[in-house]
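Across the two complexes that follow, chain A remains constant while its partner is chain B and subsequently chain C.
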Partner chain A sequence: MLSARRLAAVARKEWIQLRRDVRSMVLAFVLPPFMLLFFGSAINWDIRELPIAVVDRDVTAHSRRLVESFEASGYFTVTERPATMTEVDALLLDGSVIGALIIPPGFARDLSGNRNAPVQLLLDGGDANTATIALNYADAIASRYSQLVLLRGQRVVLPVEPESRVWYNPTLESSNMIVPGLIAVIMSIIAAMLTALTIAREWERGTMEQLAATPVHRLEVVFGKLLPYLLIGLFDVTVTVTAGVIVFGVPLRGSLILLGAMTLLFLLGALGIGMFISAVLKSQVLATQVAMVATYLPTLLLSGFLFDIASMPAVLRAITYIVPAKYYIAVTRGVFLKDIGLDALWVQGVSMVLFAMVGITAATAAFRKRIAQ
Partner chain B sequence: MSSAIVAHMLTRRFGEFTAVADVTFDVARGEVFGFLGPNGAGKTTTIRMLCGLLSPTSGSATVAGIDVATNAPAVRSRIGYMSQSFSLYADLTIDENIDLFGGLYGVPGDRLEQRRAWVKDMAGIGGRGDMRTGDLPLGAKQRLALGCAVLHEPPILFLDEPTSGVDPLARRAFWDLIHSLAVAGTTVLVSTHYMEEAEYCNRLILMNRGRIIAEGSPFELRASMTEPIIEVTTDDAARAVEALDGVPGVIEAAMFGRAVHVVLEEAGLRAHVIDALRRAGRTVHNVSEVEPTLEDVFVSQVRRGGGAVAG
Partner chain C sequence: MMDAAARRRVRSLVRKEMRQILRDPRTKRIVFGSPILQLLLFSYAVTTDVHNVPLFVVDHDRTAESRALTDALTAGDWFHIAGSSDDPSDLERALDRGTAAVGIQIPPGFARDLAARRGAAVQVLVDGTSSNTATVAQGYATRIIQEFGLDRAGITDRGVDLRTRAWFNPELSSRTYNVPAIIGVLLMLMSLVLTALAVVRERELGTLDQLLVSPITAGELMLGKTIPVAIIALIDLVIICVLAILWFDIPIRGSVLALLVSSIVYILASLGAGLFISTISRTQQEAFMSMFLLFLPAIVLSGFMYPVHTMPAFFQALTVLNPVRHFLEIVRGIFLKGWGFADIWLQLGAITAMAALVLWGSTARFRKGIY
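Up next is the complex of A and B:
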């Protein structure tokens, strides 16, 4: 027979303990907004004004125009004009430029003579991601310039011309992708870490035995302990979503009620998993570390937050199906950017319900087993 | 009158290790029943099985007439339990701890206020309700833990080494408290490794290495020692014990504080013991025949069982 009074007694006690534990307070209230602001600002996939060096050995109107078209694109800024290749080397090495454009002598002459006029682009492949994107932009700029030269300024109509439109994130702002994903990542980690302490603390301090000897039911303990953390989790999501909209200017187009409901289910699952880890390991230090590894790595690497799931090897792709954050990220991104409803997110909805059930069941089962040890 | 606690052949093994073996006893209502034995004797394991915190490997137990194995929740609402470490929540205040356990035991609000006043008065912490429990002196913490364990006025109370680490004066006061609860009708099962505390129990069992080695009232247990015991004071108790090892007629010699208790086959061997000690170079200050203490009983029972003392 479950009793609301006992559940409330556990919840109240947990809340008081939480309030007096500095570590939990930091985890609950300081870390989520800090992580959002920090990573939200630090992670940026937009390529803008990449510093490059230019070595113009031609020094003609043609060569100057090519350099201008690089700058006019907005993707590159010429910050250095070294005289020798040794200097170019040094600039690339110390990282003050990410690339160098080298225009050989005779560039204008070759162009005018309708001959192939090669230019050299050196890129720092140390950051492969940026280098790839920069290479694509440079290719595009060069071919656009070639067209201009070929047609001598005439307009032509190409037989096939794609007219691309990017929906939902028309300006391809990466913060629009990152912030909703980041909120999901932060909540996965924080939720499991919060509850990882709660049962282990009772074992370490010897209070679990006392608690177990009272008529309290294990479901009352599990839910009583979950309740304060659930409220904190919902508070954190509210704060980070608000910060995403206000600080990062991410549009919030979808239903807040849908986001809230999915968040509630997701938190139940994540908090339950943290509690399960705590109940099994019975050590605060160990439980925190395991919760960290168990949530942080899959959430960061296999949720589609950092790496595109479609381009993963089949084995990893299969694993992503059991990473709850994958579904929650689809929810946050969908609700933020697309105003999609349950008709589009039903798979995620079902996953959230399952995750919540698994989390609570695991926590309850682990808790019962340990009482009888 | 039916028994408050009945244990029948309770056994608990942890892997290869048998912590409790075939423990059978019963406790009448209103009795103060003691578990006496060294650390590792199986006292805590037995108490945990009786509270439904640990399932027995075999055997059965009923508490307040309820089978622990099949209905542990019903047992838990009828008992109070104070674990070895008087584990209250140290980061909660006195009042918050009382609120918590009042809530867990389902004590109604107005009744809880009466009980709160009683607990604080009993623990000598009236008016300090907002003090953190962790800041209380050990004696007060121990009394508060007892108070929290009996907030719901359970008919049966389990106390697992409630006095360990507490100073002798506070221990004495705690035993007065146990007796006042017993007078009010509570059945108390209490474990201890302090031999002298066993004298405060109505009845007790002596445990060693998971087994009951003797059972009875303190008087009965002492009376079970038929061999005479002499207390010998010498210049060096440890060497005196060594010197008496293997002396014919001496069943047992053991240090007892700064003296030596010698169990003899018959009273006439007293002079023989003094001779043996003098031959070994000891100066004998005083020899007197003494009543056996529970410690003597314990040592003698362990010896008869052919075993060593655990712990």
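Up next is the complex of A and C:
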């Protein structure tokens, strides 16, 4: 029979061991808030005030106004006004500007004559993402300017007018994307780095025989060992969520209960997998490394946390289906930003239950085998 | 310098280390296999390109024109249709569930308004939860829809005609930018892990004492431990560069010699950091955790996955102290922009100074820690 007292005893022993390991404590309590502050403020894809060079060969009111509208948008700042194209080349080459706007002579004449007025924009394509976004902004600025000029005060009627609205995150703030995803990343670190040690440590220190000789059921050992990490994980999530809302102003629109329940399931699964790895490999160093590769890297790269899954090649896209963090991140983003419930998240809910079951079963199975030997 | 006996001692230690690394198939896999695997994983997964965005279409108009607009959106590889319906609440549900990232709603009378030049409206809804994808996808959708309208209305006169050319990477593929950077990440990782673990393992196994009673000095021991790692890191450099050129089709436009020299300096800096970790760790486990705590901020603040120029000023200032940031500028410059020594002296100088500092510091600690 399972006994709560024995389970608590195992949990207490595990906690004492954990408390004495300074690095583990740092990982458990210092790293999560640090990572949140770090990722939350350092990662930023909001493109503002990109430095550009302007070569104005037209020097008319029109050309000046075009440059002004680039600056007024807030997306570009004119930092250089080179005289020759060789200087433009040099500026782009050493990276002091991200782009160069070249207005040829006759720009104002073409524009007033209702002809196409070509303007050249050279972009440093190296950083493809920044360049793509800059390109979109520049296009929008140029077409808005043309409308103003062409129609000279008439009501602007574009043949088709896209009315664009952004849902859930109207200002397209990066932190609104990163903070909810980060919860999953932080928990996979706890799972990978902390639980990977727990059983391997018993083997390495020779205390496994003692544990085997103690009259505790293996389920009591597994759950007893999981309990401290589960509490640490829940504590970290609470801290991260609170800090995300207070420090980064991320809206928390949905149900906290749903978030809590899903988090608990995800933690059980992740911790179970960590223990499984630990029990199978019996070496702390090896277990940590395998756990890193098996849980932390996929969570960082293949979950949609930072990088868009739809843009990945088909093979990687297929792999993402077995990355639990992908489903969990859909939950955190859904609860934080979208205010959706189980009716929209049932696929994720089922995945979380499955993941928790797989994790616990794997940990228990691996643990029993070893003791029997 | 070193006398013949010392050289011999170092050489035999280097040989022992190499043999130890190459004998164990698991280590061999880590040393030569994992860079390849990580290169592939990072190159394909770390992509900020936006392609293939799932699009949900609600077409209330159902005319040839509205279908042509949908076709225009899906003509490139930017959008694919993830679903369509007559009911706007289906669109809402698709965005909620994340099965679509962008939705368009074409109102009834779209074709009529277009023909009458009344300004036909199309609603574009974007899921903003992935802010980067949303920004780019919104730009694509707006541009395609506007172009479509101008085409249909037969307007060729566009006013300001912005002609854009992207230098160094005309296709604007993020892979071209990332693959060279992966070199920096992997070289650091390899040198750090191998150095730190090599020393700590001896300490853990108790074989460090054996080495200490042998006539080898601390300096020689350090050389013997680091030279094999440097050799392996250079082999990894070659493997990754060859893959970048042959598999990913990313040419080295700049000076190969400059790449080699800066890589060596950078490897020295990473080795120094690894040695330092080995002096503060008693077990491999401790060393591994210290490495993780050092490596993670170094990567975040390097400009590898996220650009440095959009970070807050404080973090931008911190990146100046990060050798990874400088090395990434060098490799990207050499690969994409054709840089040579004249363009990299500032970054190279910074890495050299850091390498000297960290090597000096860890040597001092290493000597003290050994005895």
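Going forward, the second predicted complex is superposed on the first by the 363 of 373 C-alpha atoms of A that agree within 3 Å, B and C clash if a C-alpha of one lies under 4 Å from a C-alpha of the other, contacts with A are read in each partner's own complex, and residues count from 1 in each chain.
We take it that contacts are C-beta pairs under 8 Å (C-beta built on N, C-alpha and C of every residue); 3 or more make two chains touch, one makes a residue touch a chain.
Model, not experiment: these values are computed from the prediction.
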{"item": "Clash or fit (per the criteria above) of chain B with chain C on chain A", "value": "fit"}
{"item": "Partner chain in contact with A:Val149 - chain B first, chain C second, else both or neither", "value": "second"}
{"item": "Touching partner for A:Val160 - first (chain B), second (chain C), both, neither", "value": "second"}
{"item": "Contacts of A:Asn114 with chain B and chain C, given as first, second, both or neither", "value": "second"}
{"item": "Which of chain B and chain C A:Asn129 touches, first, second, both or neither", "value": "second"}
{"item": "Contacts of A:Ala8 with chain B and chain C, given as first, second, both or neither", "value": "first"}
{"item": "Contacts of A:Val216 with chain B and chain C, given as first, second, both or neither", "value": "first"}
{"item": "Which partner, chain B or chain C, touches more chain A residues", "value": "C"}
{"item": "Nearest Cα pair across chain B and chain C, whole Å", "value": "15"}
{"item": "Of all residues in chain A, those that touch chain C in their complex", "value": "23-24, 26-27, 31, 35, 38-39, 41-48, 50, 66, 92-95, 111, 114-133, 135-140, 142-143, 145-147, 149-150, 157-170, 172-174, 176-177, 180, 193, 197, 284-285, 288-289, 292, 297, 301-302, 304, 306-308, 310-313, 315-316, 330, 333-334, 337-338, 340, 344-345, 347"}
{"item": "Partner chain A, residues of chain B touching it in the complex", "value": "48, 51-55, 73, 76-77, 79, 81-85, 87-92, 96, 99-106"}
{"item": "Interface residues, chain A side, partner chain B - complex", "value": "3, 5-6, 8-10, 12-13, 16-17, 20-21, 205-207, 209-217, 371-373"}
{"item": "Residue ranges of chain C in contact with chain A within the complex", "value": "41-42, 44-54, 69, 93, 95-98, 101, 114, 117-136, 138-143, 145-146, 148-150, 152-153, 155-174, 176-177, 197, 284-286, 288-290, 292-293, 296-297, 300-301, 305-307, 309-312, 315, 329, 332-333, 336-337, 339, 343"}
